[in-house]
Structure formats: C-alpha cells, structure tokens
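Two complexes, one shared chain (chain A), two partners (chain B, chain C).
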Partner chain A sequence: MELTSILQGIISLVLILGLSPLFVGLVNKQKAIFTGRIGASLLQPYYELMKLIKKETINATSSSFISAVTPMINFIAVVIAAAMLPISFAHPLISFEGDIILFAYMLGLARFFQVLAAMDIGSSFEGMGAAREATFAVFAEPIFFFTVGSIAFISGFTSIYDIYHSIRLDNLSFVVFIIVCSISVFILAVTECSRMPVDDPNTHLELTMIHEVMILDNSGIDLFLYQYSSYIKLFIYVILEASFFYPFAVQSYTLGIIIFLVVIFILSAALAAVETITSRFKMKNIPHYLLFATAIGILNLLIYTFTR
Partner chain B sequence: MNSLKVQNGEVFNHNEIEFLNADKFHASVLNGLSNGYRMIGLFPVDKKNPNKIVSILSDSASSSLYIIGYENKGDKLEFESFANQFPQTNYFECELAENYGYKPLYHPWLRPVRKQNIILGSQPYKFFKLDGDEVHEVAVGPIHAGVIEPGHFRFQCHGELVYHLEINLGYQHRGIESLMLNANPNQRIILSESIAGDTVIGHTSTHCNAFESLTETQINLRAQVIRSIAEELERIAMHLTGLGGIANDIGFALPASAYGRLRTLVINSLASLCGSRFGRGLFVYGGVRFDFNDENIKQIKSNLEIVKKDIEAINDFLFSSTGALIRFENTGVVSKDFAGKIGLVGTAAKACGIELDSRINFPYGAYRYFPVSPITLSTGDVFARARLRALEIDESLRFIFEQLENIPSGITTEKVGELRINSGVISIVEGWRGEIIHSAFTDEEGKIIQYKIKDPSFNNWYGLSLALRNTAISDFPLCNKSFDLSYAGHDL
Partner chain C sequence: MQNILSILFCLSLFYLAVTPRVKAYVAVLRFQGILLTILLMVPFVEQFSVFAVILPATLFIIKVIIIPRYINKIILELDIKRTIEPTIQQFNFLLLVIFSFIVIFLASSILSLTTNIETIPFASGFAAVTVGIFIIIFRKKLIVHVCGFLVLENGIFLFGTAVASDLPIMIEIGVLLDVFVVVFLMGIALNRISSTFEGFDVTILRRLKD
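Let's look at the complex of A and B:
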C-alpha cells in the first residue's frame, strides 16, 4: 500500500473517532430545536465522555472476567470496523477483498460480547435487554447483507472501498439502488444504534430499554468505552450512507467533501426529525419493521435481475 | 344495616355510632357492600384504643356515607374478613392488621402495606412466584434508573408477557397520620401540604374542609370559589404533566415538550395567585390567605387563553398519531367489572366507565353551586386514561373561565373557633388523581384522637397490577404513567 493511502486511512480513522460525538451532539441539538427548546451545547457528548473517564469503575460482585474485558473488546471491534470505512474518496486503513464480511462481523462480535456481558452481571432486566438485543440482531443482520451485499453483488467487488468506487451515477440502475439502499441503511442505523423508533436512547425506564439496559450496571471507564463505541457505531452507519455520494468526489475532491458533509448534516436532521415526530413501536412490532428493510434489499436484487 | 348516615363534611357526634358485636358488624357491612356501596375506611375511632373500630361505606348514588361501628370484646383483636367476597376491602383490612394488630379471620392474602415486618414478624414477605423452566422473575426497584419515588415491582413473566405483578410500597412512610394528632394548627396545614407533593391543593383542601366542619366554621363563598379555582388549576397542571409523561414514555418528543411548556403557564398562574407554583401557603382554616385582584386575574386569564388555544392542536396531534394510538389502544386494560370489584377511584375508574367524581357525587365547597359535568370513557385502556385527562382539562378550563368572570364578593378568611368535642367528620375532595378522604375524630376535650388519610393511590395501585396482566413488560412504564399514582400519598 502506498504511503499516501495509509496516511489517508489514518486521517479518516482519526476523523471518525474524533467527530462521532459531535454528530450525536448535532442530532440532540436539532431534536431540542424541533421541540422548542434551546438544548445542550453541541459539545455536550464530549463533556459527558470526559466526565465518565474521571469516574470510578465499579463491577458487580456477581460478574466474571467477561464483564471486565467486554468494554475493551467492544470498543476495539468497533474501531476496527471504523478503520474499514472510506470517507468519500479516502482510502481506508484496512481494506482487502472480502472485508465486507469482516466489517459486518466485527460489529457482530461487539454485540455478541455485549450480550454476554449483560447476562454475566446477573441482573434480571439486563438479561431481558440481552434477549431483546439478540432477537432483534437476528432480524437486523439480513438487512446489511441484502443492501450492502446487493451492491457488492451488482458491482462484483467484495471490499467496501471497491464497492463504493464502482458506483457510477451514469448507470441508472445504480441510482435506483442507492435511493432504495439508503432507506434500508437508515433503518439499519436506527436499529443498530438503538435510536427511535426502535429504542429510545433518552429513556430512564429500564423495562423498555434495549441497548441502554445492558450497560445499566457499568460505570467509569467501562461506561465510557460503551458510550464512545455507540457514538462511533452511529457515525459508521452515517458514513456508510454518505459514501454513496462518492461519484461527486471523482469530479472534484472539494465538491466530494462538501457533498459528504451536507449529506451527514441532512442525515442528522433526518434522525432528529424522526425522533421528534414518531413514537416508539410496540416491542412486538419491531421485527416487522426490520423485515420491511430486508424486503427492500431483496427488491433491490430483483430490480437488478430484471433490468439487466 | 345498623349505621350512622352522614354527608360529606357533615360533623357528627361519634357517641351516636352504635358499636355492634362481631356477627352484627359482619352482617351489616356485608349488607352494605352487597348494595353496591364502597368501603372508604376501616380504622379505630381512637388511635389509642383499637377495640372500637368503624367501617365507612360510601354510596355515591345517594351521596351518603354510612358509618358502621364494631366493638371487639374478646381478648384477641380480630374480625371476620370481607375480602373473599369483596376484594375492594382487602387492602383496608391489611392496613388495619398492620397498624393495630388486628387479625382478619379467613383473609385470603394478608400482605404488608407500608411496614414490612409488622404482619409477618421477622419473616420476609414471600412474593407470589410462577414455577417453570420458561418463566422468569423481574424485580425492579425500590431504587430506579430515573429519579423517581421508591417502589418495588415484582413481575412474573413468560418472555415479554407479564402474568402477574406485585407492588410493594412503604419506603416513603413518614407517619403523617400520627404527626397530625399532636401538631398545632399551622403545622397541620403544612403537614397536609406535604402528604403528596403533586396534590398539595387537593389534600390541603380536604384537610381544611374537615377542620372547618369540626370547628363549625362557614367559609365565605368568595374563598370557596378561590379554592375551587386553585383545585382546578392543579388538576390542569397535573393532567398536563401526565399527558407529557405518557407522550415521553412512548418516546414522542414533540407533544412531551409541548405539554411541559403549557404546564409551566398553568403553575405560574397558581404562583401569581399565591406565590407558590404548587399552591403551598394558599390555604388557611377559614378561607384562603391570598385574594384575587385585577392584576392576577388578568395574568391567569391570559395564561389560560394560551393553554386553551395550544392544547387543542397538541391533543389533535397526539390523539391522531397512528404510532401513539397503536401504543395506547388495548394496552393495560382494566374491565369495568374488575374496576368495580377492586374499588378503583378517580381518573382510572372514570376511564373504565364508572361514574365516580366527588365533585358531582359528594359535592362540597363551590361545586355545590357551580357544578362540573361528569366525564367517563368506557375502554379502560391507556388511551381512555390519556383521553380522559385531555377532556378533564377542557372541562376545568371552562369552569375556571366561568368563575373568573364573576367571582362573588366578600371576605376571604373567617374566624375559626375551637374544635367541637366528641365529634367526627369525613371530608371528601376530588383531587386530580381521584377521591381524597380525610377523617378526623375528637375526644371530650376537643383533642384529635384519630386522623385518617386515604389518597386515591391507596385504591389504585392494585388496579395497575391488574392492568399489567397479559401485557408486554415493555409497556409497564406506559401503563404506570397512565395511572400516575403517588408513592408518598400511599405511604403517608
């Protein structure tokens, strides 16, 4: 690999790690404005992370080493996934044939350990949260493979970087795919990152939580790692969506970057709007919602088969 | 039925109560309950002498209260339980057993009400437990993830479905009923303001009504109207909080913050009258401490105009949203039959189709001259309880606007005399949550010997347990908020 592409990869990763809390701050700020409040500062997520670092880490006496190592495994897995993402034209740090599978299962590994750690603590509602997370993961996984996977299938590449670089706007079927895919990636982002209408990140009601309930017994550095990796995870999905607009960067790097930023802003506004004007689903209706996103992915493949 | 018939707030001589023997007492109470009367109290006349107890039954159709006395002549404190036939008496019997050491014979399910170790001794209370490989138990509280009052909830679940919920309370027990006996008049008002922080006006109004009856004080109509306006303001404010909370629990941010904004206007209106947003310090024996003037009437009117205008739009938005309706409808259903059997009161009962509103059934204060309309819904689910709040807000706004137009003139405080000796009074007020009852008794020196408080939460917590049966456990917070019960009011 050339030095410049390694440099691009490092800069991309640093940007993802550095800016992901800002994105959460942006969503929360807009949500506050939509509901008629002033809202917390854009930098609030940074302050919260800093507060958590300073706090003491306490583990439940009933927990084993799983609880101790999980926050770190979770964080590292998410960072590795982030290192595979191309920011617009930039070459990612980790990129090889078939990395799309590694990407999906790095996030899967993070979730697996988190579910394990939640059950390890032995609290009744953390177990309940783990059961919910595992159930919904079953429905969320096909969404990724049917959407990003279908583009891989169409483009013939299996590396995220190559897939995005094969996108051409002059190919009409690609344009259709991207519009359709962005809907299901959005649903996937909402599910995986525990946002409305699947999960409510702001709730204090332990019986309705999915993701939040699993980290209820964590504190200090452990909680910092969980929170930070959930911020990064949300940003990963946002970039996944924003990188669809790569073709503009082919014409000019500046245009590519501007469009990239505009798309991220639009996505933050969309998230905030969805969280303001929708109510949460009944728990038993969530699988229907996820299957809907999977159906979109299947539709994608059908369109491809019939328009070829 | 050998009983003493009285009205809401009517002072009576408690020597007139006929104290029956065990068999006659049992027959009389059963007779009353089979007539469809509700039990609203079961306690000794004198806190220090547990041998003489009274059972108070209320008949809302004829606005009458029946007091049936019982004198325990045996060595052991015991009486035959009514709970097997009439589940509504269950909790009253448990309370009597816990506070005075009574043993209700044949009682199906004696459980602690507030103090864990009185009924059961040193034995820990055994929660009902489901057996099986696929069932699991979820214990929540008394310390919760959010900053709310303490209460312990024990769910028996199969997956996400709740089969049974038991609620254990008492963590906020402060002994208000005992404190009332020795407190001076000023302290008594402050104590009643602190029974439940969200029902300051409801409880203080009940307390003042009781003591004004005991001192035979007639309060001026102007003060009565000010009291009802304050009561309705509290009702609007708390119903707005409830609606905001319900919207928040389904993650519906827009209505949640809109209701919160309107609530501020309402509690600020209360502050412009008496300086406290929760109405503390407004009530004194014999009337109210603060009076309306042109300035605060104008302020309250303009605030409420905004509320009236905006709430229409927000209600439309919330109650026409498909997402919200899916969450509300058929969630946490209590049937009218069950609601009657367990003696639900207030908004929870009205949402099941039971017409029970003390302002109408046991009119007091200004409501005797300026009535409010009864509102009931029939489905008994979260939707009904939420919608009922919206409708009650409209009715309260109408009442306040009507009263503000022509407040009767007169003085706001009357002089209060001494407490009547050997007397008792039962005072009922419809707080925003439902029927609040304070009963007070005096001895031959005019000293208070018994002060009994019943917050609507005392009846309704059991309703929440029933509402949760066959409901998803993730809907618990929503059901809980739709009942919106008080921990402090229950624990006293």
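Let's look at the complex of A and C:
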C-alpha cells in the first residue's frame, strides 16, 4: 500500500471517530426541532462523553472478568470495522479481498461480547435485554449479507472499497437497485443502532428497552466506551449507506465530498423524521419488519441471478 | 424501464405481505395502478398515437381513481376495522411469499430459455397472482379478499404485457370493465351481508349451512 492511501485511511478513521458524536447531536437537534423544542446543543454528545470519562467505574460484585474486558473489546471491534470503511473516494486503512465478512463479524463480535457481559452481571433485566438483542440480531444479520452481499455478487468484488468503486450510475437498473438496497441498509441501521421503530433510545422503562437495558449497570469509563462505540456504529451504517452515492466522486473529488456530506445530512434528517412520526413496534412485530428488509435483498439477488 | 417498474411492483407485493392495515392495501392498489399506467405509457416515448392512449387512460381512471375510492367508501360506510386479521402469523406469511418468489423466479428463468418472454415482468406478474391468491386464502376480512383479487388481476395484466407486447385493446378494456363490475358487485354483496348479519368475518360465514 502506498503512503498516500495509508494517510487517507488514517484521516478517514480519525474523521469517523471524531465526527460520530456530532452526527448523533445532529439527529437529536433535528428531532427536537421537529417536535417543537429548541433542543440540546450539537456538541451535547461530546459533553456527555467528557462527563462519563470523569466518573468513577463501579462493577457489580457478581460480575466476572468478562464485564471488565467487554467494553474494551466492544470498542476495539467497532473501531476496526470503522477502519474498513471508505469515506467517499478515500482508501480505507484495512482493505483486502473478503473484508465484508470481517466487517460483519467484527460488529457481530462486539454484539456477542455485549450480550455476554449483560448476562454476566446477573440482573434479570439485563438478561432479558440480552435475549432480545440476540433474537433481533438473528434477523438483522441476513439483511447485511443479502444487500451488501448481493452487490458483491453482482460486482464480482469482495472488498468494501472495490464494491463501492464498481457501482456505476449510467445503468438505469443499477440506480433502482441502489435505491432498493439503501432502503434495506436504512432498516439495518435502525435495527443495529437501536433507533426508533425497533428500539427507543430515550426510553426509561427497563421492560421496553433492548439495547439500553444491557448497559444499565455500567458506569464511568465502561459506559463511555459503550456509548462511544454505539455512536461510531451508527455513523458506520450511515457511511455504508452514503457510499452508495460514491459514483459522483468519479467526476471530481470535491463534488464527491459535497454529495457525501449532503447524503449524510439527508440521512440524519430521515432518522430524525422517522423517530418523530413513528412509534415503536410491538416486540412481536419486529421480526417481520426485519424479514421485509431481507426480502428486498433476496429480491435483488433473484433479479440479478436469473436475468443476466 | 419495464424491469424497473416490475421491481417496484415486487416491492409493493412485499409491502402487502407485511402491512397490517386495510388502508395500506388500498394505497398499494393505487400505487400498482399507477405503475401499470406508466408501463403502458412507455412505448409512447417513441411513437405517439391517440388511439393507443385509450387503454392507459381507462386503466388510470378505473384502477387509480374509481376502485380505490369505492373501496374506501365501503370501508367508511360499513365502519370496517383497520386491521386485516390474518389467519396465520405475518412472519410465516412473508416467509411463504419469499419462498414463492424464489420458486417463481427460478421457474421463469427456466421458461425464458426456451420461450421468448421478458423474465422480470413475467416473474413479477406471476408473483402478484400468487400473492393475490395467498391474500385471499390467509385473510379473514371480505374487503381484503377483494383487494387480493385486484392484486391478482394486476398480476395477470403485468403477465400479459410480458408475454405479448400488444394485446388487442378491446380485450384489455373488456377485462377492465369486468374487474370493475366484479368490485362493484362485491361492494353490493358486502352491503347486503352487513345489513343482514353482524360483520363479515369469513370464519363466521362458514357456519351458514342450509
């Protein structure tokens, strides 16, 4: 790998790590505006993270070493996944043949350890949250493999960077295909980052929580790592979706960057709008909501398998 | 272009499989009507003829304006509840639909090897027929059965455009008239049933024996 591409990779990783709380702030601000409030400042997530660092870490007496190592493993796995993402035209830090599998399972590893840690603490609420998280993950994983996997299948590449580079918008059916894929990636993002129709990030009732309930007993630096990695995770999925619009960067780098930023802004508005106008689904309705996104992926795959 | 419209058609079928609301069924019917109209309008980009506008125009008026309005009116008048009341879990229903999609796409790709058909519109039409039948089988409400029937009919229409590029216009218009009359009769029947019995749950109708 050349020096410039390593530099590009480092810069994009730093951008992802630095800007992810800002994105959450943006979504929260827009949500506040939609509901007629002024809302917290855009930088509020940064302040919250700063506050958490200063606090003391307390572990439950019943917890084992798993609770101690999980926040770090969770954070590192998410950061490694973030290092594989191309921001617009930039070459990612980690990129090799077949890295979509590693990408999916790095996020899977993070979730696995989080579920383990929630069970480890021994609180019944957290066990319930872990059960829910694991159940919905079963339905969320096929979405990733059927959508991103189907683009990999069509383009013939297995690295995220190459896949996004092979997208061309001059073919009209490819445009529809990308739009359809971005619907299911949006549903995936909403699910994995426990946003509104699946999980309410602001809920205060343990019985209805999914993701938040698993980190109830964490504090201080542990909670900081969990929160920060959940911000990064949301940003990762947003970038995954925004990268579908990469082809605009072929003409000029500035146009590519501008469109990238515009798409990210539109996505934040879409997230905020969805969270404002919809209420949470009943727990039993979530599986078929997720299966719907999988169905879209399967449809893509079917169309491109049988009609070439 | 035909392929893109067919893909959108398939997406609307998936939406039908997950939505629990009667209103959404009517909205999807309207959406499918618009898709079919655009599908018929596509050849006009190259050559325009006044006579050929008749079919899309009739289709638009009947499928996008009259039938959805009529169904909405029935829903309002008879005060039908908003949920569709499926007889099996929505999750299983969607699995069934996905499975049938896979089988249909396989079958039509095999068919397209020997005969001259457009695979995607053919398969989507076929899928719409299947989903329409599934809706009629696995839902309790009569009004949803009417919607299922209309989806089935849309499927046959798409199917027709995939197999033969231009069917005689009179036949298509005749079919449209038939469909409209059937929906109209269904409405009258629904009115009758509701004035004679409480509600129109198909499971209760089973008890009507002579």
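What we mean here is this: the second predicted complex is superposed on the first by the 306 of 308 C-alpha atoms of A that agree within 3 Å, B and C clash if a C-alpha of one lies under 4 Å from a C-alpha of the other, contacts with A are read in each partner's own complex, and residues count from 1 in each chain.
Convention: a residue touches a chain if its C-beta (ideal position, glycine included) is under 8 Å from a C-beta of that chain, and two chains touch if they have at least 3 such contacts.
Not measured: the values here are computed from a predicted model.
With chain A as the common reference for superposition, the partners chain B and chain C occupy compatible, non-clashing space.
Once chain A of one complex is fitted onto chain A of the other, the partner contacts of A:L7 are absent, as it touches neither chain B nor chain C.
In the superposition on chain A, A:V180 makes contact with chain C only, not with chain B. Which of chain B and chain C touches more residues of chain A: that partner is B.
Look at A:V262: by the touch rule set out above, it reaches neither chain B nor chain C.
Looking at the shared chain after the overlay, A:L302 reaches chain C, while chain B stays out of its contact range. Shared-chain residue A:V138: touches no atom of chain B or chain C. In the superposed model, the angle subtended at the C-alpha centre of chain A by the C-alpha centres of chain B and chain C comes to 80 degrees, rounded to the nearest 10. When the two complexes are overlaid on their common chain A, residue A:Y289 makes contact with chain C while staying clear of chain B. Of all Cα pairs linking chain B with chain C in the superposition, the shortest spans 7 Å. 285 are the residues of chain A that lie in the contact sets of both chain B and chain C, per the superposition on chain A. Those residues of chain C that touch chain A in the complex are listed here as 1, 3-4, 7-8, 10-11, 14-15, 17-18, 20, 90-91, 94-95, 97-98, 101-102, 105-106, 108-109, 119-120, 123. Those residues of chain A that touch chain C in the shared complex are 172-173, 176-177, 180, 285, 287-289, 291-292, 294-296, 298-299, 302-303, 305-307. The touching residues of chain B, counted against chain A in their complex, run 136-140, 144-147, 160, 247, 249-254, 256-258, 261, 321, 323-324, 326-327, 472-478. Partner chain B is touched in their complex by these residues of chain A: 31, 34-37, 124-125, 127-128, 196-197, 200, 202-208, 216, 275-285.
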